[in-house]
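Here the structure is laid out as structure tokens; the discussion comes afterwards.
Should a chain be cited, it is by its letter among A, B and C, assigned in written order, with residues numbered from 1 in that chain.
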Amino acid sequence: MSETHPNLVRIERTATSSDPPLSAEAVFDVLDLRVSYNGKAALQDVSLQVYRQNVTAFIGPSGCGKSTFIRCFNRMNDLIPGALVEGTVRYHDRDLYAPDVDAVEVRKRIGMVFQKPNPFPKSIYDNVAFGPRVLGMTGDLDERVEEALTRAALWDEVGGRLKESALSLSGGQQQRLCIARCLAVQPDVLLMDEPASALDPISTTRIEDLMHELKRDYTIVVVTHNMQQAARVADRTAFFSVDVDEGGHRTGVLVEYDLTEKIFTNPSDPRTEGYVTGRFG
Amino acid sequence: MVKGALALCALVSVLTTVGIVVALLQPSIEFFREINFIDYITGTDWAPLFEPARFGVLPLIVGTLSVTFWACFVCIPFGLGSAIYLSEYARPRVRRLLKPALEVLAGIPTVVYGFFALTFFTPLLQDVGTGVGIFNALSAGIVMGVMLIPTVASISEDAMSAVPRDLRAGGYALGASRLQVSTRVVVPAAISGIVASFVLAVSRAIGETMIVLIAAGTLPQLTLDPRESVETMTAFIAATGIGDVPTGSVEYKTIFAVGLTLFCFTLVMNMVAIRLVRRYREAYE
Amino acid sequence: MSARVRGGLFHAALLVSVAIGLVLLATLLVDVLRKGLPFVDGVLLTSPPSSDPDRAGARPAILGTIELMALLLVMAVPLGVGTAIYLEEYADRERWYNRLLEVNIQNLAAVPSIVYGILGLAFLVRGLGLGRVLLAGAMILTLLVLPILIVASREAIRAVPDSIRQGAYALGATQWQVVSRQVLPAAIPGIATGSILALSRAIGETAPLLLVGALTYVSVNPTLFGDFTALPIQIFQWIGRPQENFHSLAAAGIIVLLGLLLTMNAFAIWLRNRYEKNW
């Protein structure tokens, strides 16, 4: 398609000219990835690269394997019995799934925020301090906690009541707490699995603003079922879809991956076009 | 490494079972070298401490079964009735009150029940004119039955709660009464759990010691008359264990032989009960 | 008989079923209180037993029960919780030996308590040569309550939502860190409640202690490696005496025992309500 499709949703890009240039250094290099649960393929033939200081979004209809895919980056699929990851995932040129790689080490560098905020049933302080404590990070703990909460745009709201239970916070605050928790261990990458889908619109906006802030220092990968969100925050977008074989078995596949602008204004694949114009999905 | 330490904890339970089996088998094997097994299992005279010693265990078995029978006479109908009431009839608030109240019955130590049977229930039975002796199987059995009501009630009620509401709705929609739905739809659907509760109650009755020791007595008599004193397997083991029996003697080994007999009874019942419970859980989960 | 009448009779019969148990419970409590309350006094609590019912007390028995409970707390709880952690967090359910372990625990829960006494008699008293001492009694009671403790602890651990574990893993915590710093602390209220309930079952147990040597006439305070007795045993011994007053003493002992049980259970319920987590 050579011109903008008339049915495309009007997209408000919140990117401004003061944003850093889109970097071309690959943090993750995925080649021929296939993930199966108990023998049944959930995702296959995925190859793409995630670039530094970018926000990369995975979009697609439900069941297309986006969450499965993002969990490959920090080896969280290891915790699911019966899950098998085949293919290569390279992180800074090292094979993440090599036999000598310790998953625990991987997760120290690659943090994850979940769809439903999952603060620990402890105080706000102890939530943020948990990571540094178990990782044996030296240095002033109070400072680390304050810095993490500031970066997560939560310090102003909770700075005076760090000893209170994390469960007393609102949903949006809890999610920012979970982000602060991740930031406290100083990761390289932040994986976010539908981070705002359980939140109200105002909290959602704040999380999206946060992503813009954070991408200066972290590489961010976000799964979202909200196209407009991807259009708003992501530098690059990958569109996944579902292939149904003769037996009725559904497998996720990567359809198209490109700069977000292109995906939403001039997609190459008709399936992508169908999804972003709202014809299906 | 942590896993290893924790696995060691788990090993304790395995060692317990092994220990029980060895503790029961080894002296029993020695016992049955001296005493003929057929004589043991069919003999009707139990007098191990007398001269001449007799080792026919039937009186103990019959005593156990006699008390168990009376216990079931009480706990099965009333336990099932309580379960049906709690599951199908009671309002939620009533249920929330009654269920724990029944559980209290299960929490009372058995020595207290024994005391009650001996000092209240037996005299009561005597006053009513049943002609029971001071030690008798009836009093022990009935009180034990009451103690077992919560066992039958809670497992049966669990099983009945697991029956999907749709089944009941189907029955009511056809115009059936609550009596009919409870007895013809719910109970049959929950039957394996209900039977499991009966089997478990029987197993507990067979294994109970203090109530029978206190209220049924320690006189082994081969009789089905509940007004007489009987000695159960458990009472015999306890009474002999308290006493001063020289280690390694035949009398000492009777503890283990009878213990093994008891264990076989309860093991079979427990395995049946567990299999039944698994079946009803699988059916609805 | 019309259907309505039949339905009404059935309903009444069901009510009777429930009532029978409760009425008997009430009768039992009233009877015990009537017989025993006059005898619950300082003498009961502070004196050793004696052949004179007016001077007899249950001090060694009460101390014995308390010491048994303390030992159980120290021995049974770590073992039970450890086993529960292993089964819930570490064991691979597909393996045959782990499944066997679970079946084994289920079976042990249903073994008659007197068989535990036989186990103790064979191995501890005569086998290991420990003799009829408090430690042997505590060890046997530990084995007796272990299955209950394991089940209660497992449920408490299972109640901790998986999202907490996922969050901790995602931060780079090792399995033991996740278990010890997140799962266990969150499960402690449930484990504590379960432990107290298991203990309260144990202190009412008489049969195994009879075999492992709680002697029925002990007038000295029990020590770890000495003669010992416990409250249920003392009650049993008093029941065995022909004099009427000893029966009243037994009732008094029962009141103390039930009081102890009531306190423990009330504490467990309070604990559960206070620390109940709403995830």
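Simple rule for what comes next: a contact is a pair of C-beta atoms (placed from the backbone, for glycine too) under 8 Å apart; a residue touches a chain by one contact, two chains touch by 3 or more.
Values in this document were obtained by computation on a predicted structure and should not be read as measured data.
Enquirer: If you average the Cα atoms per chain, which one ends up farthest from chain B?
Expert: In terms of C-alpha centroids, the chain at the greatest distance from chain B is A.
Enquirer: Counting C-beta pairs in contact, which two chains come out on top?
Expert: More C-beta pairs are in contact between B-C than between any other chains.
Enquirer: Which chain lies at the heart of the structure, taking centres as C-alpha averages?
Expert: C
Enquirer: Could you tell me the distance, in whole angstrom, between the mean C-alpha positions of chain A and chain B?
Expert: Centres of chain A and chain B (C-alpha means) sit 58 Å apart.
Enquirer: Could you state the distance in Å from the CA-based centre of chain B to that of chain C?
Expert: 18
Enquirer: Determine the centre-to-centre distance between chain A and chain C, using the mean Cα coordinates as centres, and give it in whole Å.
Expert: That pair's centroid distance is 50 Å.
Enquirer: Write out the stretch or stretches of chain C touching chain A in their complex.
Expert: Against chain A, the touching part of chain C is residues 161, 163-164, 166-174, 177, 181-182, 185-186, 277.
Enquirer: Which positions of chain A touch chain C when the two form their complex?
Expert: 74, 76, 79, 104-109, 111-112, 114, 116, 118-122, 130-131, 134-135, 178, 181-182, 185
Enquirer: If you look only at chain B, which of its residues touch chain C in the complex?
Expert: 2-3, 5-10, 12-14, 16-17, 19-20, 22-24, 26-27, 74, 77-82, 84-86, 89, 98, 101-102, 104-105, 107-116, 118-120, 143, 146, 149-150, 177-179, 200, 203-204, 206-210, 213-214, 234, 237-238, 241-242, 247, 255-256, 259, 262-263, 266-267, 270-271, 273-274
Enquirer: What part of chain C is in contact with chain B in the complex they form?
Expert: Result: residues 3, 6-7, 10-11, 13-18, 20-22, 24-25, 27-28, 31-32, 35, 78-80, 82-83, 85-87, 90-91, 101, 103-108, 110-119, 121-123, 126, 143, 146-147, 150, 175-176, 200-201, 203-207, 210-211, 216, 232, 235-236, 239, 247, 250-251, 254, 257-258, 261, 265 of chain C touch chain B.
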